[in-house]
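Below are structures written as structure tokens.
There are two complexes below, and they share subunit A, which is joined by subunit B in the first and by subunit C in the second.
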Partner chain A sequence: MSEKAKEEKAYRVLESHGFLQRVVFRYMLEGHAASEEGKLAWVTSGFPVEIPVAMDVGVSYPEQYGAVIGSEKAGPKLCGYAEELGYSQELCSYARASIGSVKHPEESPLEGLPAPQALLACNNICGTVLRWYDAISQMTGAPVFLVDTPPLEGEQLPHHIAYVRHGLDDLVSFLSEQFGTTLEEDKLREVTDLATETIGVWTQCLEACKNKPSPLNCADRFLAMAPVVAIRGRDYTLEYYQMLLNEVKDRVTNGLGAIRDEKVRLLWDNIPPWFRVFRIMGSLAKRGVVFPADTYTHAWTGSFKDEDRMDSIASMYSNVYLNKGLEAKVDKMCGLIKDYDLDGFVMFSVRSCKRYSLGQLVSKELVSERTGVPGVVIEGDMVDSRLQNDAQIETRLDALLEMLL
Partner chain B sequence: MGIGLDLGSSTTKGVLVDKNGKIIAARLIPTGAIASKAAENVLEELTKLSQLDLGDVSTVSTGYGRTQVEFAHESITEITCHSVGVHSLNPGIKLLIDVGGQDSKVIRIGSKGRPTNFELNDKCSAGTGRFLEVMARVLEVSIDELGPLALKSKFPCLISSTCTVFAESEVIGRIGSGESPANIAAGVHQAMAAKISTLSRRVGVASPTAVTGGVARNPAFCHYLSAALNCDLWIPKEPQLTGALGAAILAIARASDTE
Partner chain C sequence: MSNAQAIEQSERILKQLVDKGKPILGYVYPHTPLEIIMAHGVMPALLYANPTVMGSYEASLQTFACSFVRNMFSQRVNDQLPYVDGIVFPGNTCDSLQNLADIWHLRFPQDKVFRLTYPAGNQGEAAIQYFAEELRIFSNSLEDAYGFPFSDAAFRQAVILVQRFRNAVQFLYAARLLQPSSVPYRRIAAFVREFHSAPLETVVDELRATVNDVEHSLAKTGRVDSTKALQHALLERRLEDVSILSDLPTPRLAIVGGMTEPQAISELVNAVSKVPSTAVVFDLLSFGFKTIFTPMPAFEGDPFETMARSVLGALLEPTQEGLPKRLDFLKAALTHLAIDGLIVCEQSFCDPDEFESPSLLAVASGVGVRSLRLPVDPEFSDRVRLEGRIQSFLETLPHGGAA
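Moving on, here comes the complex of A and B:
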């Protein structure tokens, strides 16, 4: 693209995205290599991944692959294959797309995820993941291990940490038996230190969006989050985030926003519709709408403390956004609206992600009441475009903007 | 002058107003399969009715087909347009319930006639005009006959499903068990009123409340909605035209802003 054409787009493309693509490509190759060696585990997005990584077990993320399926617009086809097997359309579309892609890898983007030798689920993000992995286990023969993190209301009590910690110890035994490896404390410390440092740099990128204009938009963060979710404990992940942070700082120093003419700043709540997110964000960018914060990419923050590392892992993974009550979600949204000086919020009600979408109607009222800014709930899905009506979404977003502009 | 065109899922409405917002001409036609064609047709009708040259008149489009009107100077959502339209007719209205062919909206109107909060039905067509059209077909009456039929009922039967497809099966079941058409029709209206009442409570019921859209012409719906909300409802003389009227008023404002 010529420099002039770049200048004219409402949206500024990040230079570091080229490096991001290489990082993700390398991660994919590592996944295939691990699978061929018989050392690959599939993990859920909130799984305490530092443990398998420290035990030299490769990891792949079916939820992230679900996002790829969504972006490639292959959701209806692959979800349809799962439905042919008898799964309901009410089931999570990440699960359906994953089951469909295992059934028909030849019709899946990148020919499917590499075959797993273990399936590691953590129910801190939802309960469906266990049954989903059970289904994949039936199809692939890989055994399932569950790390159980009971939902938290309020502060985490010592017995809760002890319970989750017990599950993590069992995980280590499971991985040792399955893959013939051991967990060295030094290695775990090294991996968690690297993860903490990476999350720290990522958090700085997020917090830079408090600036006006915001240096990153929602869609930038949705892409840039991939390594902090999936490729923790790797030095090249840290290298990528340092590069992103430098670019973000440059933008802030030079007063450059993610979009050219920032007029309205909004909060995004929930997983995006992967098949449509860039179109929605692009068309809103043309009207001066930017999303400096969202609850989704802010879910991968925090740090491992210098206490007993296993206890710290137990604590961090129990306290993830989706494992907490409605009050914590409302507090988080109100906090982001205040800290990032936002004018309103958009809550995406994801038909197939019940855990994230539950309570949105109530929280919309509470957030508006506490912050004084208006919001709107739009409906659709992250992967299955059959569950989305674009005209209804446009009308709701337009009406919100007419209240703000 | 200003022209407002409201391209709804069932009907397209056109309103021409003078500079004071007084209606000079208004027309309603079926939208049909091509929204842009409906817009052209309704403009032609307004030209005939007013016998004026409307070529340069400021025009705002609204409704689901709003972006299809190439000759419109601006498109604005029906949420804003209905608020402005109703406010111009009755400035005291605080809550507006608009039930159209494809969706139902509940809008809180601020002191300046602009929306301050709103909720729309979910993707399901239950609680919309389409729901009543489907039920009228099953009961073998016209859509205009459905409301009066329901008002004859003394013992409305319970329609528990809020999904149009399931409710249709439920109605067919009731017919099969010998329930009278009047009682079934009343149950259908009660179910719809209950759904919209829930939507209204989410925004916050506030008096006085107005009802607009094609469904506002249905006396049984208004009767059961009034009971469900426990308040009187104000219905404009032409409840289907308020969106187009609001668009026309916004067209005047737009023209004076650009002058």
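Moving on, here comes the complex of A and C:
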């Protein structure tokens, strides 16, 4: 692309994205190597991954792979293969795309995820993951292990933490048996320390977006979040986030925003439509709209405390965003709107994801009431473009922007 | 009795109870611990999807909420739950219900909304301890809301009543399998519905009388002992030694699915002209077999722990067992109970149903049993088409569905 064309884009590309691609590529290679050695587990996005990592078990993230499928616009085809097997189109499209790609890896981006020897699910994001992994287990023969983190209402009570802690101890036994490894306290400390540090740097990147103009837009963060979701607890991941933070700080110092002419600052709620996110963000950027905060990338925050590490893991993974009630979600959105000084919000109602999306109609009203800013609900999907009506989304976004521009 | 009549009757009974000053606590999940609720002097009433409800959920729920959840919420918006003084939602069972409780609470802050959170997966003793504590918290919140403390005597009485009910219906399930002419499936479904709508002595007394009649009919063919043995085998989930005589009427249909209501589905099947009354011999529905074959709580020890063991001992719930176990049981049931047709009900936008049905159908096909996948909603809004599909399915069965 010529310098002139680059200059004309409403959107500034991050230099650190090159390194990000190498990080993700390395992680893919590690996954393949682990699978060939018979030591690969698939894990859900909210799984306490520090435990398998500390036990030297390789991990791959089907949800992240779902995002790749979505971005590559392979969703309809792969989801269609799952539907041919009898899985309804009404089910989560991450699950359908993953089932489809197990059935037809040759037609999947990067030839599918490497074959798993275990399926590790944690239901702190939804109940769907267990049923999805059960289905994958039927196809691959890999056993499922569930870490059950019952949803929280208010404070986590002692019996809840004891129960989750028990599940983590069982996980260690399961992994030991399945992969012939052990968990060393020092190693767990090392991995969780690294994860805490990585999350800390990532959080600084997020918080830098309180500046005006915002140094990152949400599409930047959606891309940049991949390692903090999937590869925290690795030194090269930390290296990447430090590089990103430096770039973000540079932008702030030089008054450079993620978009060239920031006029309206919005909150994005929920997973993005991976197959369309850059187009949507790009066209909004041209109109001066930036998203300095979103609920999705802010879900990977927190730190492991210096107490017993397993207890700390039990507490951190039980308290993730999606494992709490609607009130907590409303509080979080109101907090982000206030802290990032946002003018409005966009709620993406994802047909695939009941846990994230059901309740948005109510929370939209509450958030507007409490913050005084307007919002809009648009409906679609993160992977399956057949479930999305772009024209309707555009009309709704226009209506919101009319109030704000 | 038709589904609509059953709704009317249940409303009449609830009204009488309310007039006598009894608070009614609605519940939606089949494995709700009725005994704990009754130990607080409160009447638990299962809330059914109402087929006549006008959809009024749109301001609060998206269309991709499951059909059951949309139906329940619409009933509340339309004030169609007049006798219910509170509702208990399960936590951690499915995503739709999990979120519904929050939405309900925010939309109707004046309602008494309780949540009882269940452990998921098969977590052994840790799950029992966790759930026992959840039950204790639930019990405390009932006391706070209604002002009646937990009564040991009322708990004991409730345990006995529920167990008498389950025992009797278990026997009817077994009788139906061994001699379908001895009791119609719709009669069993009606009892299940009546008791869950209001667990009263009168229902159990009537049920006992039916059991006596059925025993007489079985005695004539010498099948009382084998029926009891089958009841036991079903409870133990050990079907290998069960044998079904070959002189029984065909076809022998089983209905499987989650929150599909037995009485509603039995009414639908019966409406198909060529279906003989002996056809539906078994179900694996949440409000049917899965709850009825729940083990009885022990009397000794901590009541919450004993209840936790009972509830989590219920068979075949997706929240409590891995899929392989459920599939193994289905395979055993199809094979040893001589089932020749399987109807797999699937509620729209129900994740548990829709994830499971491909595996259920594969099991049936693996053992050579024909199956029909039946997408339904609680309103059976597509009734004519559903009947047509059942009709065509029967025609594909080896015995052609002829009476």
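Side notes on the structure shown:
We adopt the following convention: the second predicted complex is superposed on the first by the 405 of 405 C-alpha atoms of A that agree within 3 Å, B and C clash if a C-alpha of one lies under 4 Å from a C-alpha of the other, contacts with A are read in each partner's own complex, and residues count from 1 in each chain.
One rule holds in what follows: contacts are C-beta pairs under 8 Å (C-beta built on N, C-alpha and C of every residue); 3 or more make two chains touch, one makes a residue touch a chain.
Everything numeric in this text was worked out from a predicted model, so none of it was measured.
Of the two partner chains, both subunit B and subunit C are touched by A:361.
In the superposition on chain A, contact of A:131 is made with subunit C only, not with subunit B. By the document's definition of touching, neither partner reaches A:212: not subunit B, not subunit C.
More residues of subunit A are touched by C (comparison of subunit B with subunit C).
By the touch criterion defined above, A:396 lies against subunit B but remains apart from subunit C after alignment on the C-alpha atoms of chain A.
After overlaying the two complexes on the shared chain, residue contacts for A:9 are found with neither subunit B nor subunit C.
Judged by the touch definition given at the top, the superposed model places A:379 against both subunit B and subunit C. Annotation: subunit A residues 361, 379 touch subunit B in one complex and subunit C in the other.
The touching residues of subunit A, counted against subunit B in their complex, run 361, 365, 368, 374, 376-377, 379, 389, 391-392, 395-396, 398-399, 402-403.
Remark: subunit A residues 85-88, 90-92, 95, 123, 126-128, 130-132, 134-135, 137-138, 144, 146, 148, 150-151, 153, 157, 159-160, 162-163, 166-167, 170, 325-327, 349, 351, 354-355, 357-362, 366, 379 touch subunit C in the complex. In the complex of the two chains, the subunit B residues touching subunit A come out as 64, 76-80, 103, 114-120, 122-123, 202.
If you check the complex, the residues on subunit C that touch subunit A are 59-62, 64-66, 91-96, 98-100, 102-103, 105-107, 115, 117-121, 123, 126-127, 129-130, 133-134, 137, 318-319, 322-324, 346, 348-349, 351-352, 354-359, 361, 373.
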